[in-house]
Amino acid sequence: MKKIAVMTSGGDAPGMNAGIRAVTRTALQKGLEVVGIYRGYQGMIEGDFIPLDRFRVSNIIQRGGTFLKTARSEEFRTVEGRAKAAAHLKKEGIEALVVIGGDGSFRGAAALHAEHGIQVVGCPGTIDNDLYGTDYTIGYDTAVNTAVQAIDQIRDTADSHNRLFFVEVMGRDAGFIALRTGLASGAESVLVPETTTYIDELITKLEEGRKLKKASAIIIVAEGDDEGGALDIAKKVNEKFDAWETKVTVLGHIQRGGSPTAFDRILASRMGNSAVEALLKGSTNVMIGQRNNEMVEVPFTQASKHHETLNPHLLELVEILS
Amino acid sequence: MKKIAVMTSGGDAPGMNAGIRAVTRTALQKGLEVVGIYRGYQGMIEGDFIPLDRFRVSNIIQRGGTFLKTARSEEFRTVEGRAKAAAHLKKEGIEALVVIGGDGSFRGAAALHAEHGIQVVGCPGTIDNDLYGTDYTIGYDTAVNTAVQAIDQIRDTADSHNRLFFVEVMGRDAGFIALRTGLASGAESVLVPETTTYIDELITKLEEGRKLKKASAIIIVAEGDDEGGALDIAKKVNEKFDAWETKVTVLGHIQRGGSPTAFDRILASRMGNSAVEALLKGSTNVMIGQRNNEMVEVPFTQASKHHETLNPHLLELVEILS
Amino acid sequence: MKKIAVMTSGGDAPGMNAGIRAVTRTALQKGLEVVGIYRGYQGMIEGDFIPLDRFRVSNIIQRGGTFLKTARSEEFRTVEGRAKAAAHLKKEGIEALVVIGGDGSFRGAAALHAEHGIQVVGCPGTIDNDLYGTDYTIGYDTAVNTAVQAIDQIRDTADSHNRLFFVEVMGRDAGFIALRTGLASGAESVLVPETTTYIDELITKLEEGRKLKKASAIIIVAEGDDEGGALDIAKKVNEKFDAWETKVTVLGHIQRGGSPTAFDRILASRMGNSAVEALLKGSTNVMIGQRNNEMVEVPFTQASKHHETLNPHLLELVEILS
Amino acid sequence: MKKIAVMTSGGDAPGMNAGIRAVTRTALQKGLEVVGIYRGYQGMIEGDFIPLDRFRVSNIIQRGGTFLKTARSEEFRTVEGRAKAAAHLKKEGIEALVVIGGDGSFRGAAALHAEHGIQVVGCPGTIDNDLYGTDYTIGYDTAVNTAVQAIDQIRDTADSHNRLFFVEVMGRDAGFIALRTGLASGAESVLVPETTTYIDELITKLEEGRKLKKASAIIIVAEGDDEGGALDIAKKVNEKFDAWETKVTVLGHIQRGGSPTAFDRILASRMGNSAVEALLKGSTNVMIGQRNNEMVEVPFTQASKHHETLNPHLLELVEILS
């Protein structure tokens, strides 16, 4: 192998730049050439490439987002689109690819391998932490810390008043961010898609808190909760519970950005390094995962999205500690 | 004068604790006793007081919120309520009062003086910066920095996609927070209550940006804009402009909390110090303001809320630099 | 069991408050009474206790330091001192104790159990991460993030000049903080006590970087490195390498403070919860550890300080990626 | 005028990028071409230029440091060096220059004007805030906030022990950073070059604090204090006062980096905008200053470094409030 490419795909996540840096510098150290592909599969189809040397990836480990950018590509979902993409890779002499992204990105990589023989390895880059085969995904720790810091600021003011705060965090299908955010911020409740939300139970809990003379309550809502987002749930609660003034915060894309935490930088650095090593020993169609603090290779077929597997003990812990 | 009280009132603001600390320590240094009143005027009516010594205000200068808490008091709006409050003050031997809050709080203080002869001095504590007579209010600089940091995180991800972000900041009647936030975060537009918002003009600007190949745009919306909050405006824009994916963030009470900036701590420290000095030289019914870096006394009658006075040059500067 | 106590001991670490909160609220939920002991073993000897209810531990999860404070106690190292301490516990009806601290603190707890039959469980609270039996200690993740953020700021300016920065991080006997800090901040080298530092090799590396036209270099130094602290090493390097202006930063106690990261809050919450559960099922003389994301009980005899076990692959990774 | 250049010079300061952005976009909006000069006067001598369009200055407002970099230039101090530099400017058709830097940089600009007729306007970019003619310099507010946040973290741990902390902040000749840092962080004392430091007085103060049962003390030391840096002073104090454990932190270049505060971004944006407007109306040899919230032009001859003008009331306030 002489030349590999690296790209980021899907929703961006803090730590992706650290992953690109690790792929690049490991590859260079192994005597490989490295090419960066801009804007994911769409850039691959358009041949939007940039040669990466050690300087091009200097001073990016601390940056949020991804300097290679990401994009959606409908065209890559077609056989023709992938053929165009593969032609660009072959013209450039690129034999193997590291994709930093989610399970949809891995499926694209698998198709590229099946149809065009490109060797492909993935790194899990998504703030949602909802992939089988890895304990953590790149960006998750940062997203949780961002949400927690926001809630800390709300807590400063919550103490001063009789107030009920609903804070919406990311998670269309999964409550991982909501759960860890709730646990770390000492929230009163965490509402997630994986479990049924009962508005009446929530109100009962709030009433009990009020009788215990709690000054305020903070409820974390995953955007994809079965009873709706924070605005919806606040409205439903207010219809029956209006003892406290209600305030809503929707964190939105704040959670996707920000300088990655040390955890995410190290995770991405290790994964990027292992991805190149995996390519060199001939692996393909695998995602690099971290399990029990070790780097492992997980077949793409197993690295799919998973839901409904929130640690029930942690959900319970939110209630015990609130 | 032997004994004074200090309280915080109205919406809480970062830096209020620094103000309480400055009042307390200045008063102690001048040989006065100091009492803290919990929960603003409501706590005054209930006699919810705490003696303050130098240790009680240790290690609070960096804390958001206010450890004396605030509360609304309908009762204090009545002559009877104020009589109850004054009786508590007199029973405790409290001759003078420092109120950290907004213009509503100052009107309460004026009534207390008129009806019961309590000497009163105010410090402007509100994140909205909408008081005549002072260049800055306590909490404003922190609130702006909080919003700017949130938008920095959105910017990380904005660069990666074709996206349109609407970020709602505080400001029911005033666009001060929105204006400085927009200027400091390099936003494309700032929508404020003080000027008429034209959705069509905004769309035209977005279209122009798109033609210039801008990757994304961030629009700052003061919650009290004449066309509605960020969610409303996003909806109106989307009806005619859907070239970019649209995302909404509502910062909400995040902006009220957080450790105060150096600027707000110093402002609050100077104001708290000057408030006690003003009391000692016999001043009453004045707010301490900062004008041109100097502490000044501003009669309550002039320290009212003001709107429609946003610096037009700064509004224009947002457009020039975007 | 009806009544337990909780205390923090040794050097303080971010997340200790989250641990105290978790111990308290878990115990209350299980129907136990809880007492906090101020200032560690010295406070135990002096009977400096405070009853803890759910409100006393409100709004502390996000605070650095420990509200129960810590202190050194020479007296507790004596049989007489421990007898005094035990007498206070018994007088209060305290049957069991959770100690959040390091291995020295656990040895004290073991003595208390051996001599006076107090049931004792520990939680690893130290920023140094140098205890066998747990993958992470409470405070480590925060300390690393604090150091990394400081170095990010240096990096902003490093890029502008030909400069050589030495940054000293904590670690008298262990390089864990230095290693993860170096990896996450993209440092050129990490100097740790566990491996021999060769000044000449370092200079050779710097010369090579200079020839490669690197703009600057950042070297992380654990305070206990065999060649001295950052100031010593900077001096030794400068004697032979003066091509770049040299600057030294000593982070010092900045690393002990700060709001704990989500990781440390969750770790401390889970450990505090498990500590009470361990007491309830009769365990004693064990530390709660986290291994492979699970809570485990580790006998005090195994939970000793360890050194010279830095992951060699991670040390190598710093070099590969720099 | 058709074409101008912008550069950063001297020690870098947070907000310089915001200044470059404002110069560039204002100039473009006025129909001018803009060139960036890398590495200050040295880059000017070498003709190291880059054309700036609106995209080149996108997404930099939030970045610390300066993307144009700075450098020292001995050669520019010579008539020959300046002739080379001017030749490059003239070859490129550059008629006017905006320099963001300190008074040394302005003297260089003045020489360029005197000898070669280049129109020159300066913006005060230095964290030290030690220039006559402006209330604030670009970078000062950020540097103070950085130092204050570091000390907040020390304070978390200070509360737990009997400890004496010395924190060294920047300021070789001026105590501005130390003063505002001390005031905002609630330090016990601030030691600055502008006033004589008496070690014995400091010890007396510490002894008094200890008798008052203060838990700890934090002393801010400007690096250029007449009694030495933090390490020197700690040593001198320890010879006579050893009741508390003493710890030293040297913040160093942390203070030069970091994302600029809202204040610094707005200041730099306004100054950069005004600098271009000043050029367009024919001004030369002036620095843009902010006085009483207004932009003003200050002749270079007046914009020199100043010392010994620390606000004595603020120094006194540190003592009153500590």
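As written, the chain order gives the labels A, B, C and D, with residue 1 at the start of each chain.
Keep in mind that, in the parts below, a contact is a pair of C-beta atoms (placed from the backbone, for glycine too) under 8 Å apart; a residue touches a chain by one contact, two chains touch by 3 or more.
Worth saying up front: this structure is predicted, and the values here are computed from it rather than measured.
Q: From chain C, which chain is the farthest off, judged by mean CA positions?
A: Using the mean of the C-alpha atoms as each chain's centre, the farthest one from chain C is B.
Q: On a C-alpha centroid basis, what's the spacing between chain B and chain C, in Å?
A: 38
Q: What's the distance between the Cα centroids of chain B and chain D, rounded to whole Å?
A: Between these chains, centre-to-centre, one finds 28 Å.
Q: I'd like to verify one number: the distance from the centre of chain C to the centre of chain D, where each centre is the average of its C-alpha atoms, in whole angstrom.
A: Chain centroid spacing, chain C to chain D, equals 35 Å.
Q: Which parts of chain C, given as residue numbers and ranges, touch two or more other chains?
A: Those would be 152, 155, 159.
Q: So that we know how the chains sit together, what is the shape of their touch graph: line, ring, star, complete or other?
A: Chain contacts: single closed ring, each chain with exactly two partners.
Q: Per the touch rule above, enumerate the chain pairs that touch, sorted by label.
A: Chain pairs that touch: A-B, A-C, B-D, C-D.
Q: Inside the complex, what are the residues of chain A that reach chain B?
A: Checking each residue of chain A against chain B gives 12, 14, 63-66, 69-71, 146, 150, 152-161, 163, 165, 231, 247-258.
Q: In the complex formed with chain A, which residues of chain C make contact?
A: Checking each residue of chain C against chain A gives 21-22, 25-26, 29, 54-55, 59, 61-62, 135, 141, 144-145, 148-149, 152, 155, 159, 180-181, 183-186, 212-213, 259, 261-263, 265-266, 269-270, 273, 292-293, 314, 317, 320-322.
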